[in-house]
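Note that the chains are named A, B, C, D and E in the order they appear, and that numbering of residues resets to 1 at the start of each chain.
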């Protein structure tokens, strides 16, 4: 589970409520079903208009990715690819065929399958790149669903507030209702601004970031497998893949020059 | 019909009105002809200034696309193209000529026509790409018309509100009119913010998304037909087109290696 | 004359004023010289700071383009270029020299002049593309002048409103002046928001769109003339140019295959 | 001196003050040292945090460019380069060496020096392009300093206003201080919004525009000198450079065809 | 230490507090623990949701870069690379091996190691470019963490203000609490707007600028080492690297022509 996703929401909402309580406010005064109905109903409705059904569903499903914890251990992955490169160098690319079933990662298996099948290098590159790009584009739409919700929520919140204020204004002759009425109206603002800034937009951001990391991971796989196909020296490949992980080389340059 | 487009509008407006009613507000108090006149008149007028006639008309016509349900079944389309590739491989590209009349999709027919006519590969590619791009650019302007309306509506709504407030201020000596007057003024805000966020901007977004999907569909057709022209192996073509659909290959990698 | 430019302004301002009148407001209460002085003086001044003299003047002159109605009949233009291609194919490119004086369009004449002069294809392409790009860039600055005015006007309007409110606050002890004073202050907001959203930003948008269409037109001319220079078959050229107009081919594919 | 930079500021501030005076407001009521301290102190401080010292200083120094009037006479420059091309064609590139000392423009001199030194064409091109780009990038940061100040000023202005309002609220029991206090608070808003929209943002825009024009000028020089190196015909060079100036060719096409 | 980072914060906060004090406000009235809890708790929480743990931690760590003072002396660096080029020219690239241990900069050492190892030029270029890019991308995420905090803080501040106002409204019948309550509510706005505009956004900007300068520095190293590998003349290399530093050549063009 993605600790910061859960902890962040707990921290944000928790501290805001604690602050509110310390100030002497009742948590109950910011719980209000009609404001929630207006703000979340309006936001979900607007987002449904804004996206085809398939994208909307995909966006909802991607919550799992936002709160899940996909492995993204690039050094270990590089290590494994370098290992495959050594095998291919020693025993030929076909020797990798026996290793395919043990590979969990479908993209790595698919890429190695191209190499094992002896598909032409250019075709492999173009197929893998198209696959990486089109999957990224498709999934990025799921992140945009959350971004859209984060865009609509505050304005729908303002809509709810103005609706509430109209109601207040109509009862202006009864001053005793004035304060409570305005307070009620403001809750819609809180729901709109709060849900956008604590839930929708941060979730969209985390999804985009995780998709970018996943894209980087697949690009590393593609580069690695293409190098295996080209028969690149495993040690050079190791150096090449290290550039992708954004880490400095270990500090023993003399050894490599030997 | 595009279910989410219709359902989204119903959900958004419905739940907002239900919330308003639960709160004790009258729906009547947010129905006001003059506010509508100011907000929608101003918005449509500003949008007319912002676009040439042809674009404005195109934008209005594209409502059909926003609420329609174009087929976008890429796997079936890929299947069909692979089928054509098999025919072309077996009996030559000219054998496809007899199939042309039965093709409904004008872009697929046009692309295959190039192949049947034996037009040079580079010319075919450049013609198809230019056609895809320039049609996308043209239609994207239609989506921008709605985006512009979504941009102008809230500010014109504020304009209407300020106009209303001026009117209220002039009658400030008559406090009994105060509240109702302000309420009236706020309705313009609601029309501006609401129409932008529940109608105009979401419609613009859905149009842009559908145009992108259509562009992807045409790009797949173009790639497929170009591969047919090049005499690519139908099985390799199938693999290549699968990359465009953003779907993982079915989980039987061993079979293909046979 | 560009009908939608004029009609849009009439519709927007007209309906807003009608709405205002229906509501019982006096049009006179939104006519105020000092607010206009502050808002438009401030906006023009800020825009003068923001652009070199030459760009500012160009922006003002481009009003003619915003309200004018340049011909943009791509199919007729394509037809004419195909005609020239037929002449060049039959009688040689030099045969076009006699046709040059009858051409009104300076860019088409200039491009054909290159062909007639026998300038090298690559030089012609690069010269025409540079000319298209640098003219577009230069003129786009004119559209940006209006966009800037649309950006400054609302904030200068708020400035005017706050200035007015300060004045009101200083007279707070005289409640009879309160309402009217605030009303006056709000007029500056209306001028700022209204001029930006009904005039400046829509005009900037229309200019940008018309410049884009003009750029497309010139690109079509450049492609056409370069194809004439290369001696492309007029029928193939016709097909090629059709892709630029964003129109589907006429529905008789069989004929072309003949 | 850049007339519009000075005139724009005079027009904007002047007309706003005239409007304020006509309205019966005292100019004195918008002169307030503490508001200025808060708004400009906060803005300058935030901008210092936002940029390294060197960039901040560069930004301040670029005020000279914003109000200065650099020559940008592209036709005259083109003329001169064509002249050099004629000399180089007649007497060889080395003949230009004697002309170098009389050239004021350091970039033109540097570029011609490459030609005179007989540096390889590709090296010359890449060196000049890198020099143009990196100088533009560096100077663009100076314009961004002003843009940042334009971004921070309005929000710091709001900060000052809220600070003032807190002060007012604390004295709420003394209504006689209410109006004046609020007026004082609003001055911070005016300083923030006004300085951003009349000074900072327009200055940033003018700087960016002037840098773009300077980049175009240098690109023209680079293209011209590279063509001299290649021994391009001066008449063709003249035509080529004209494309950069965004001007139509003079209307005597027949003469050139002779 | 980065003087402007520290001085900017001191100037901004200092002058705002001085202004506040001059105005007669108590600094104490803007110190409030619950507002801080709400605003900073909410902001940190939202940012935790928005980024994977690793990125969030990286962002926090990069504070050191924002307030540190990395060397960025490009002319001295160019000088050193030219020196290495002279050595390589005179005694061969391998002669640089002995110099490697004395080099502090890990990127320069890594790049020279490639040259010494005799790695192919294209592989070196691609490895260095990938390393520069992926490190820049990774670190830019750290700057984005601060940018996000600058985006969330003002809206969470408004949330806190609205929460406070609700509380005030509920006590509306007790006017004596009114002013102080509103003042309290406004402090959340100040915390949100102030922290975003004086701390978070400027820090994000400085980080991005420093990362860009570091990227330029590494690009200069990469270009220099690649030129050493190609055996470029040290004097030409000096000229080439000068283009990167954005400085004009020293004013003695005649000497070089000799």
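The working rule: contacts are C-beta pairs under 8 Å (C-beta built on N, C-alpha and C of every residue); 3 or more make two chains touch, one makes a residue touch a chain.
In this text the structure is predicted, and so the values were computed from the model without any measurement.
Engineer: Chains touching chain B and chain E alike, please list them.
Structural biologist: A
Engineer: Overlay chain A and chain C by their C-alpha atoms and let me know the rotation angle in degrees, rounded to the nearest 5.
Structural biologist: 145
Engineer: So how far apart, in whole Å, are chain C and chain D when each is placed at the average of its C-alpha atoms?
Structural biologist: From the centre of chain C to the centre of chain D is 24 Å.
Engineer: Multi-chain contacts only, two chains or more: what residues does chain D have there?
Structural biologist: Touching at least two other chains: none.
Engineer: If you look only at chain E, which of its residues touch chain A in the complex?
Structural biologist: On the chain E side, the touching residues are 33-35, 37-38, 41-53, 55-56, 97, 100-101, 106, 109-110, 113, 116-117, 119, 123, 126-128, 130-131, 134-135, 137-138, 141, 148, 152, 155-156, 158-160, 162-167, 169-173, 184.
Engineer: Quick check on the complex: what are the chain A residues that touch chain E?
Structural biologist: For chain A paired with chain E, touching residues are 2-5, 7-16, 18-20, 22-25, 29-30, 154, 176, 178-180, 182-183, 186-187, 189-190, 193-194, 196-199, 201-203, 205-206, 209-210, 213, 216, 236, 239-240, 243-246, 248-249, 251, 253-254, 256-257.
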